[in-house]
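One structure coming up, written as C-alpha cells, with questions to follow.
So that you can tell them apart, the chains are marked A, B, C and D in the order they are listed, and the count of residues begins at 1 in each.
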Amino acid sequence: MLAENSYGKSGIRLVKVIRREDGHRIRDLTVSIALEGDFEAAHVAGDNSAVLPTDTMKNTVYALARTHPVDSIESFALELSAHFLKEDGPASVARVGISERPWEPLVGGSGGPSHAFLRPGAERRVTRVARTRAGVSIESGIEDLTILKSAGSGFTGYARDRYTTLKETEDRILATAMEALWLYEPREIPWDLAARAVRSTLLETFAGHASASVQHTLHAMGQAVLDRHAEVSRIRLTMRNKHHLLVDLFPFGLENPNEIFVATEEPYGRIEATLKRE
Amino acid sequence: MLAENSYGKSGIRLVKVIRREDGHRIRDLTVSIALEGDFEAAHVAGDNSAVLPTDTMKNTVYALARTHPVDSIESFALELSAHFLKEDGPASVARVGISERPWEPLVGGSGGPSHAFLRPGAERRVTRVARTRAGVSIESGIEDLTILKSAGSGFTGYARDRYTTLKETEDRILATAMEALWLYEPREIPWDLAARAVRSTLLETFAGHASASVQHTLHAMGQAVLDRHAEVSRIRLTMRNKHHLLVDLFPFGLENPNEIFVATEEPYGRIEATLKRE
Amino acid sequence: MLAENSYGKSGIRLVKVIRREDGHRIRDLTVSIALEGDFEAAHVAGDNSAVLPTDTMKNTVYALARTHPVDSIESFALELSAHFLKEDGPASVARVGISERPWEPLVGGSGGPSHAFLRPGAERRVTRVARTRAGVSIESGIEDLTILKSAGSGFTGYARDRYTTLKETEDRILATAMEALWLYEPREIPWDLAARAVRSTLLETFAGHASASVQHTLHAMGQAVLDRHAEVSRIRLTMRNKHHLLVDLFPFGLENPNEIFVATEEPYGRIEATLKRE
Amino acid sequence: MLAENSYGKSGIRLVKVIRREDGHRIRDLTVSIALEGDFEAAHVAGDNSAVLPTDTMKNTVYALARTHPVDSIESFALELSAHFLKEDGPASVARVGISERPWEPLVGGSGGPSHAFLRPGAERRVTRVARTRAGVSIESGIEDLTILKSAGSGFTGYARDRYTTLKETEDRILATAMEALWLYEPREIPWDLAARAVRSTLLETFAGHASASVQHTLHAMGQAVLDRHAEVSRIRLTMRNKHHLLVDLFPFGLENPNEIFVATEEPYGRIEATLKRE
C-alpha cells in the first residue's frame, strides 16, 4: 500500500541581477520544489497524466523570477507555492525551500555605483614557506577569493572552429573562485598588513576593470600588484570560472535582459598565469 | 612580464553508452583540457583572436566522443590532445586529463544482456534503532545506492502547462542515488543476511523493470521488497535523480542515437514514497 | 631508482586564543609540514633511524604555537621551517604551509571586550514554505551560523557513569555550526528585516550568555527570540558542536592556560530543541 | 516553553578488527547516539545533573565494541540502545544510528589468510596526456585507491627529539588513500589491460609486504611495478595516511589487543616518492 509520497526538483540554482540606478544587487538562490498529493496512478500503473515534470518546475522558477521582484526569499517562496498548488490539481501540499548565499558589494577605483561583489567568508589566507640551507622563499596568498562582476565584462572576437557555438557578448557575468599566490622579496615585513594591501589591490582592480576576457582581467590584477607592491617579485593567479548562463525565457513569452542566470559548477573554465618583474 | 600561462575547461562530464549485442557498456568520464602557448595578446591587450573558447573545448569533447570508440581513457585523451594541438595554432602544449568512474553491470531477472549498472562502493549500509520503555523499532537500509539503467526507461504522457519544454522520450538514462530504509518486524533475525537479501531484491527489480517514470520504478522496487520479505513491514524509498542529458550534436553534423550524455548534479529530481502492508 | 621524495604531516588544525585586555583574538590555522632530503634508507631498507615521525611534527606545531606569538601565518611558518631544517639533519628542504580561516569579533549585550566570534560567510539564509488548501506555513532561518565563545563557557556537575572520563571545566571554548528555524505568525511582514533582527538577537544572546552547557545557551537564544520577536511563534535550534580540545603540552615542559586547542570535526555533539509560546 | 529536545554524539568513527584463523575481518562503522527525555533543568537552569556527557557516549561505544561481537550493525545498535535507555534514567527515548563502509579482502602473493583490504569503489582511473610538437607523454594511474593492512605493519627505530611522544609498535593498522601515476614508454599498448595489470601489482605488493613504515611499503610497491612492467619508465606514488588510533580502554577495565580503533581524518601523514629506471 502506498503511504506518503512526494516528488519535486531540488538544487535549482538561480541568480537574479537587480539593476538599480545606484548599483546592482545580487540575489543568489538555491530553490527546491516538492509536491504531495494524489499521485498513486503514476506509482502503481505508470500513468503520468497527473505528473507535472520536475523539469517544468525548474522552468517555472526561472520564469517567475523574471516577473517577481525577488525582494526576499519568503515573498518569492510564497509566490512559487501559490503557483504550484493549483485549484484543481492533484497536489494537496506544495513545499518550497529557498537558501540564499550572500554577496557583498565591492567599491571600484572610481567610487561609483557597484557592479562588483565579494562572497564573504569563502576565502582563506595562505602561506607557503620553503627553507633550504641556501635560503628561504615565502609565497603568500589567498585561496577561494570568490568574486563576481555584473557589468563591465564581455567576450568577443575569439577564435572559432567547427565546434564553436558560443555567442559573443558585450555584457555577461564574470565570476570566479580565485587563487592568488605572490612571492615576497626575502626580508621581514609586516605580513598581515602586506597581505591585506595586496588583497585590496586585487579587489579594486577586479571591480574597476573593463574586462575583455578572464585572461585580460587576471593579467590586469597581477600587473596592478606588481606595480603597487615593491615587496612582491612574482604573482601566480588561477581563476576557476564560475559560469553564470543566461536562461532562455523566450519559450515562456519573456525577454531576459541579462537578469536571470543559472549558476553552474561543471564544467568550468580554468585560467592561470604567472607575472613577474622583468 | 607574463611568464607561464594556461587556460582550458575542466569538469567536462561525459557518459558514453556503448551498445553491444551482449549488453551495454558505460564509460563515465570527467575530462579536462588545457592549452599553453602564445596567448599574450589576450592577457595584455584583451585581444581574443587567438583564444578558442573553453566552451568550444567542451563541445569538441562531446563531438569526438561520438566518433571515437572511447575504448580507453588513454586512447581518447591522445585523440583529444592531437585535435587541440593544431599545426598552425598558437598552442604549444595541449594537456588532456581524464578521470573515469567505474560502473558494474547488474543482472536482471531474466539473466539476459545487461542494461543496468551499479556504481560499486558508493553505498553504505545503515541502521536506525529507536528504543523506548514500550519497545524498540529497527529500521535498516542502504544509503547512496547508485544505479543506472541505459535501456527500459521512458517518460511520456505527463501533465503539461505553459512552462513545459521537456520532450517525451521512450528511451532515456535513468540514474539515481537511492536511499532505502525498511522497518523490520520486531524479532531477532540474521541481520546481515536479511539486508543482503533485500538489496538483491531492490537491484533485480530495478534491472528488470520497464520504467514509465522514476515513481513507477521506485514503487515496483518497494512492492517487490514487501512481497518477498515477510520480515519487512514498511519501506521508505528516496531517489535523488542523477540526470543524464542527451547532448545536441546536430550543430556539428552528427546524430546522437542515445549514446553521448552529459551527467549533471544540479538541479536534481527527488522522488520519495513509503510503502507498507495494508 | 628513488628520485624525489617527501614526507610530512598535513591537516594539523590549530586554534590559538590570544588573550588581551581589550578582548580575545582567534587565530584558526591549518598547518602542513613536509621534509625532503636523504631518506633513502627508510624507503629501500625499512631503516627508520633518519625519520622523525610525522606525529612529532604535529606535536611540534602545538608546542611552538605556545611559545611563538603567532602574530601572522608567515612569521609562524618561518619559525617552524627553521625548526625542522636542523643543522645536522637529513632534511635538505623544509616546507611549511599554513591556511587561516577568519573569525570576526561579536559585540555582546554589554558592549564590553569581545570573547565571542563569528565565522563570516559560512551561513546561509533559508526559508521553507508549505502551502495547503487550508493555509500556508512560513518557517525561516539560518543554516551553518558558525560561532565561537572563548570565555563565559563551562561544563560541570554533569551525570557520571563508569565510562565517564571527561574533566569538568569552568572555562572552555564553545563553538558550533548552528541551524535556527523559526515559524512566523501567518501575516505579511518585511521578511529580510525580520530575519536580520532575529539573527541579531541570536548573536547578542550567544555573546553575552554565561553558558553552563550547550543546552543552556541554546535555550537562552531561543527564549530571547520568543521574548523579543512577537511575529515568531516557535523556534527550532540545532547546534552541531565543533569541539576544540585543549592540547596537553605537559610532556614538552609547557603549561597550556586555555590557549592552544586542536579543532576537531568528528565526533561531534549534536543538541536540538524546540521552544514555543505557551 | 521547551517542546521537543534531543542531545547526543554523532560521527563516532569505530573500526573493529575481528581476528579469525582464516584471516581478519574489518567492520568500519560511524555511530551516532541521541537521547530524548526530561532534560529541562539543563536547558532552563543550567543544571547538568541529568546530563550524561556526549563524551561518555563516545567512550561507551568503544568500550561496548570490545565486549560485543559486532557481528551486524543491527545487533550492536540494539545493545547500545539498551545501554543508554537506563531503567531509572531521565531519557525516555534512546536513538542509535550506525552506518557501515565496506572493505573487501585482498589476496596477498602467498594466497594465505588475508590481512589486507580494499575499500571498493573509492578509486578512479586517470590519465594525463601532454602533447607538444616534439612528442607526447602519457601518464596514467589511479586516484584514491583506498587500502588497509591489519597485520604485517609496524613502525619502530625512528628518530626522536624532545617533542616525540609516539610509541613504537610492531603491529598497527596501515591505511591509505593512494595516488599512483606511472609514465608509459611512448608506444601504443592495450591501455585498459596495462592499467589493470599495474593495479594488480600494486595491490599484491601492498598485501604481501612486511611493512617497516609507509615509505618502505610505498617504495616496494613502486619497485614491483618497475620490475614487472617494462612499459612503465617512472612511477610517482603519494600516500595520504588514514590514521587508525588504538583506543585506550584501560580506564574502563578493558584491554585492547589491537582490536578497537578510531579512524581519523585530520591530521594525516603524507608520503610521496618517485621511482624511475636508472
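To be clear about the criterion, a residue touches a chain if its C-beta (ideal position, glycine included) is under 8 Å from a C-beta of that chain, and two chains touch if they have at least 3 such contacts.
The shown structure was predicted, so the numbers you read here are calculated from the model rather than taken from an experiment.
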Exercise. Mind listing the chains that sit against chain B and also against chain D?
Key: none
Exercise. Farthest from chain D by Cα centre, which chain is it? Let me know.
Key: A
Practice problem: Over half of interface residue numbers shared between chain C and chain D means same, under half means different, so which is it? | Solution: same
Practice problem: Could you give the separation in Å between the centres of chain C and chain D, each centre being the mean of its C-alpha atoms? | Solution: 25
Self-check item: Mean-CA-position distance for chain D and chain A (Å)
Solution: 36
Exercise. Could you check chain D for residues that touch two or more other chains and list them?
Key: none
Quiz item: Of all possible chain pairs, which ones touch?
Solution: A-B, A-C, B-D, C-D
Quiz item: Quick one: in the complex, what on chain D touches chain C?
Solution: 1-13, 32, 34, 39, 42-56, 58-60, 63, 155-166, 211-216, 218-219, 234, 240-241, 251-252, 264-278
Quiz item: Which residues, counting only chain A, touch chain C once they are in their complex?
Solution: 71-75, 77-78, 80-82, 84-85, 92-102, 119-133, 136, 138, 140, 143, 190-192
